[in-house]
Amino acid sequence: MRFLRLRWLPVLFVPGILLISSHALAADLTLDEVVRGLDTLWVLIAAFLVFFMQAGFGMVEAGFIRAKNTVNILMKNFIDYGVASIMFFIMGYAFMFGNGSGFIGTEGFGLSNAPNPSGVSLYAFFLFQAAFCGAAATIVAGAMSERMKFRSYLMYTVFISAVVYPIVGHWVWSGAGWLSSMGFADFAGSTVVHATGGFAALAGVLFLGPRIGKFGPDGSPRAVPGHSLPLAALGVFILWFGWFGFNPGSALAVSNGEKIALIATNTNLAAAAGAISAMITVWIKYGKPDLSMTMNGALAGLVAITAPCAFVMPGEAIVIGLIAGIIVVYGVLFLDYVRIDDPVGAIPVHGFNGVWGTLAVGLFGHRSLGLAHEGLFHGGGLTQLGIQALGVAACTLFVFVSMSAVFYFIHSTFGLRVSRDEELRGLDIDEHGMEAYSGFQVFTTQ
Amino acid sequence: MKLVIAYIRPERLNVVKQELYKRHIFNISVTNALGSGRQRGFVESYRGVEIEVNLLKKVRLEIAVNDEFLAPTIEGIKAGAKTGQIGDGVIFVVNLEECIRIRTDETGSVAIG
Amino acid sequence: MRFLRLRWLPVLFVPGILLISSHALAADLTLDEVVRGLDTLWVLIAAFLVFFMQAGFGMVEAGFIRAKNTVNILMKNFIDYGVASIMFFIMGYAFMFGNGSGFIGTEGFGLSNAPNPSGVSLYAFFLFQAAFCGAAATIVAGAMSERMKFRSYLMYTVFISAVVYPIVGHWVWSGAGWLSSMGFADFAGSTVVHATGGFAALAGVLFLGPRIGKFGPDGSPRAVPGHSLPLAALGVFILWFGWFGFNPGSALAVSNGEKIALIATNTNLAAAAGAISAMITVWIKYGKPDLSMTMNGALAGLVAITAPCAFVMPGEAIVIGLIAGIIVVYGVLFLDYVRIDDPVGAIPVHGFNGVWGTLAVGLFGHRSLGLAHEGLFHGGGLTQLGIQALGVAACTLFVFVSMSAVFYFIHSTFGLRVSRDEELRGLDIDEHGMEAYSGFQVFTTQ
Amino acid sequence: MRFLRLRWLPVLFVPGILLISSHALAADLTLDEVVRGLDTLWVLIAAFLVFFMQAGFGMVEAGFIRAKNTVNILMKNFIDYGVASIMFFIMGYAFMFGNGSGFIGTEGFGLSNAPNPSGVSLYAFFLFQAAFCGAAATIVAGAMSERMKFRSYLMYTVFISAVVYPIVGHWVWSGAGWLSSMGFADFAGSTVVHATGGFAALAGVLFLGPRIGKFGPDGSPRAVPGHSLPLAALGVFILWFGWFGFNPGSALAVSNGEKIALIATNTNLAAAAGAISAMITVWIKYGKPDLSMTMNGALAGLVAITAPCAFVMPGEAIVIGLIAGIIVVYGVLFLDYVRIDDPVGAIPVHGFNGVWGTLAVGLFGHRSLGLAHEGLFHGGGLTQLGIQALGVAACTLFVFVSMSAVFYFIHSTFGLRVSRDEELRGLDIDEHGMEAYSGFQVFTTQ
Amino acid sequence: MKLVIAYIRPERLNVVKQELYKRHIFNISVTNALGSGRQRGFVESYRGVEIEVNLLKKVRLEIAVNDEFLAPTIEGIKAGAKTGQIGDGVIFVVNLEECIRIRTDETGSVAIG
Amino acid sequence: MKLVIAYIRPERLNVVKQELYKRHIFNISVTNALGSGRQRGFVESYRGVEIEVNLLKKVRLEIAVNDEFLAPTIEGIKAGAKTGQIGDGVIFVVNLEECIRIRTDETGSVAIG
């Protein structure tokens, strides 16, 4: 157990000296320490917000599925974050930020002697990163919902949070990864978190197959409406709120505030634009403004701005968000068309828009904002765009292949999917022995 | 004694109740139901997929009445429920063999209301 | 596209120099920059909290109406914030803070060359203000709920966020408005945000008329109970939470912390007092403590303390809150009496208490806390009270008249109200083609 | 009314000088003032998060009970926070932090001339402490739910927030209490807040008796499933989020960030571990992973880490959380066994784990992290553990006895329990005259 | 064969079920219902407006029985549902012409339970 | 005219509807119900306490048919609802004395569908 060298002792339980010690405190700090304290505080607050996104994911996913599987998805939500927290502590952090090769880190297990690439307290940096890891893990729950065994989900969670996510993270964010060496830029994780989650989900649903009744005998898609749009709406608001930690927090420092303010503004504008463009797209195509698509549009805008949030200006953020909203609508339709069943739209939102956001860096990014090369639309040619394309391709491919292996392994040992009867009756009763809405009359005919 | 069962539009329930009150029929039981009849459903679309909803929300009334009240009951329901548009619903009449009021142990006609 | 001159480059994707650069960071900052950074961070966090109020508004409004119109209100909630974000970016900010006349600003469209009256990053200030604009816009949704066309709501949203709200804001907060020149004080927006929203709502419901069934044939009001009080309760908690950004954030600086701490404490005490006094009032009048009124009471306290939060002491905040709780109960009764149908109580909460809060500045305000004149109860006579009365009268009148024009225009072109059939069946099915609670048995008889 | 000497005037309404004054601001502040400002800001943000826990408590409690008593529990939730805010302002703070004896403070009523033992603004410190007081009060609502009169609950709330909680707080946190003089350490309130709430609840339910139908004629416990697990899940997420204010905020200063980062990380890991171990325990015992227990496990981990969060390292936090998760499961079973009816598990979560967390300080605590003595497992022997045991015993005993007196008094004057008929029909209708879910078909057969 | 329909107070369902079990009647179907009868509703007030709730929550039982079980069924329901206060409910008896058990294709008396 | 009442598994509703459509029976009414029959419930456990759930979710159909449609209706329900496992449900047939279509004032056979 290492000791932290703290500059001050906890004062609350030391009677008498209380007033003196705490007042003396300030004087003892240098400007440097204050800056470090401020930056640490900011990263912590951002981590809290990113943690809170877990509630957002839970509510969105629960709201978009049927009542009979709600306990199951909430359980997955709690436990994937729990497992991710612990696994990332034990080994994920070491694989991601430890010194090692360009492929994987190999130092800092259990945070002991763990390198700290940030300017803030190691623990704050860890907590922030652990919350990211939990987010990547939980994205998959929604796509595989309503039919996946809880036990197998637990196993999946261990793999993604302990190994797969940290490896991708190492490539891009460790400072020693092969992708970052090339100048690949993913400011807050369109690729590292969202495309990783989205493509892991894609691998998963391909193994799992669609829910009973999602596609008619002729293969035509059928709607399986979510059981509580208010819950889903709340979830989207919570996610949007949490994203203000996710993106600006990734700056890892407050500095004079300019950068984090720009990032926050970009984040908000892209989300707003995504919601609006998804609404318009679906309105034009189907004659009615669809709430569930509008909400997916907002999330799509948020995912898309995640990589470029620090490298573009607000007007560009709006454009990125507008395109994201269109992508998500057509993405949902495309999955229906190819008969892939993703109950909550995790793949279009996080997968497709994770890719879009990463590429957008190469299109709209500014060197003046810290990018290696000027983006295509600012005369920088295809260099940055090429790097971005390569990076996102490499990451999604790696995730898809490795997660396919994981799912194949689970599939052939414990099985991924519950029985037909369990699926029809709902996972809550068979997997958890309880109902989400005891006492309510809920139609379980579909 | 008859048991009158009726399916009506949910939004007409209050009017039907008033029409029945006017005719001194105070005892009724109501359940939520879904119905498919001549009325075509409406098309919802959810996330780009259309759903034809052909089970529409209806309200089911069950009213036990003495024979002399059968006509006014039917009249009352019709008066309250009719809009003239498809989906107004139906009334079924079934013979009621016995009626028992739990609190009073009354049976037959006197127990009905 | 302008370039920001940032003091430091994003470090995450620049391998190698990572450790050095981030550690070097602190040393590079002057105390001034650190203060600016801290203030910007605070304004950003406050902006996030104000954004989160959008979720609170959504949940309160949804919970207080019937299940069959829930999708519609949530949709309005998302989209008004989306539209407000974008419109305030394009022109609202320019009208509000741009240089121009005492009536309206005319500079800084799309934030380019936008003046920044604050001591924090322009983007942080913008985001904070944009979230305020969204709040003003969304207040109206609740009052006009259960019967207003979505399309028309969209149009309304554009007007209020692009023009009407920014004009009022210019008068009071731009530093160049005619009202602020007179010494009118509205610290965080009892008038600018809440009375604006409340009186726009009043104009709206007068054009719209009451919901079918709200008033009996004899004109007696009937209760139309909300479909989910837990959702509404959550919404109130979220709003209360968000108000801790709304009010203390309006200080726009941390300084030594005294002011924001006072404001936060006042905010909390007024809300608590409002809840308690509304509960007692309704309990005395109707024999039972009514949850929905108690929640409105808390919101009333919050609205009322918004203008005076920085100018009064905690004991005074309690008094202001107590009176707010009484006002909201009688306000609801009054509207019922004059047959105005406001399903969620937006007019009493935001309109009436917005006025009350603004006047309270003139009654309880202290010069020592930065007010131009001592309040009436501190021997300052009627000067400040008079200015406050004039200011709130001018603003509400302007809003009422201009929004009446807007609603009249929409009314006579697209129509404001859905058809009778749609209203009876619920707006969710006809306007959006989906239900909020698919699978649940919900009585739609009322 | 005292005047605050503020360094700067509110600038928003002072036209003209706006730009100058706010820019001049920074230069006027010394490093000391900036540190004070930063610390105040942090304590305020932490207070906001602790306030938000009130929503979490509300949702957890509502979700875990039956629909027919939901309005009642939400009402209790709002009003206990409201009452606690006001009472703590009027006298609670004075009893807790005022100068006086080692038993109780007697100075600073209404915050006038109130001593401020912290290094931050008095108002920030007050708000943070008031939110803690509200949390202690609201814990009891859940345990006594579904059968306690609202009127009597109101009365209870006054007692606990004005007198009982402040006395315990004085002993431990005032700097002058007899327990803190002995070296008793409860960093953020496992004892002061949680055990206090838990043992007050225990006293309450003993007077109140179990709900009708909770125990069969033969005394065997029956399940009374909660009506909305999604609501409860959201509540747990909100509580977890709020705990990031509760624990790290108790440091009352940012300093260089190391301490608050460690605390936040410990808090998160203990919660994760508690969720996982509760899930595993219940899975092994009953064959199925029970969501409601898993959520209680997360809360148990949070409660348990509250006292030791600043004195232990992350690995130890995990162990503390793991044990907490087991304690909560067996605690629930134990209460069922002795026929004590606690609908939401407040006593095992807050009471039993409050004790466990307090003792854990004596087992795992490090002197190097500021504890008076090394914990048992670090070779410090039984000294600290003994102090901890004494402290928690004294506090829980005091709470249990004094609250028993309070409940006895209420019981024999106004009565604690609603009538049998009211209980069967649900408290919402009889106590508040309204339903939580108007329009929904809810089975009220149980 | 008879079809027994009963409206009872929701909170009496468990007791009624036990009384029926005692009399060897195990097969029942239950629906949620709202009823208006002799029992006056209670007055709720919501946001200062009073509402007289005159549709009270009831539970509807439907039990198909062979003739020899009719008396015990009625007895059981009465034993379990009676509180003696207004609102206890009613029992209706309708003639049942045919009963078919889907799983076994049994019909008539033997299909009932 | 007969009134056919059936209790089926919720998840079979869509299939039953299709089977009825095939047989030209389009008008049906559906309610949510709970049932206890030969099928034993399942055991839930909530917070360490076991609950035997012996009221299972069922769906109740009510279909008024003319006599010549009685057989196909029963057939259709059986075809759609049968899984062969305990819990498939039952069909009850009651005599229907009168049927009135509210919208059209039609009565008797012609009113049924």
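Structure notes:
As written, the chains take the letters A, B, C, D, E and F, and residue 1 is the first residue of each chain.
Definition applied: contacts are C-beta pairs under 8 Å (C-beta built on N, C-alpha and C of every residue); 3 or more make two chains touch, one makes a residue touch a chain.
As the structure is a computational prediction, the values presented were derived from the model and not from experiment.
Any chain that touches subunit B and also touches subunit D is listed here: A, C, E, F. Listed candidates were B-C, A-F or A-B; the one reproducing the D-F interface, defined as more than half of contact pairs identical by residue number, is A-B. When the interfaces B-C and C-D are ranked by C-beta pairs in contact, the top one is C-D. Subunit B and subunit E have CA centres that are 18 Å apart. We define each chain's centre as the mean of its Cα atoms; on that basis subunit C and subunit E are separated by 51 Å. Between the CA-based centres of subunit D and subunit E the separation comes to 46 Å, rounded to the whole angstrom.
Each of the following residues of subunit D touches two or more other chains: 31, 34, 36, 38-39, 45, 225-226, 228, 234, 286-288, 290, 292, 433-435, 440-441, 443-444, 446.
Taken residue by residue, subunit B touches two or more other chains at 31-32, 44-46, 94-95, whereas all remaining positions touch fewer.
Taken together, the chains touch in the following pairs: A-B, A-C, A-D, A-F, B-C, B-E, B-F, C-D, C-E, D-E, D-F, E-F. Here subunit E touches subunit F in the complex through residues 3, 17, 26-32, 62, 64, 94-103, 105, 111-113, going by the rule given at the top. Touching subunit E in their complex are the following residues of subunit F: 2, 5-8, 31-38, 55, 58, 60, 74, 77-78, 81-95. Those residues of subunit D that touch subunit C in the shared complex are 1-4, 6-16, 18-19, 22-23, 25-27, 29, 31, 33-34, 36-41, 44-45, 47-48, 51-52, 54-55, 58-59, 62, 70-71, 74-75, 77-79, 81-83, 85-86, 89, 110-111, 120-124, 126-127, 130, 150, 228, 231, 234, 431-441. Residue ranges on subunit B touching subunit C, taken from their complex, read 10-11, 13-14, 32, 42-46, 57, 59. By the touch criterion stated above, subunit E contacts subunit C in their complex at residues 32, 44-51.
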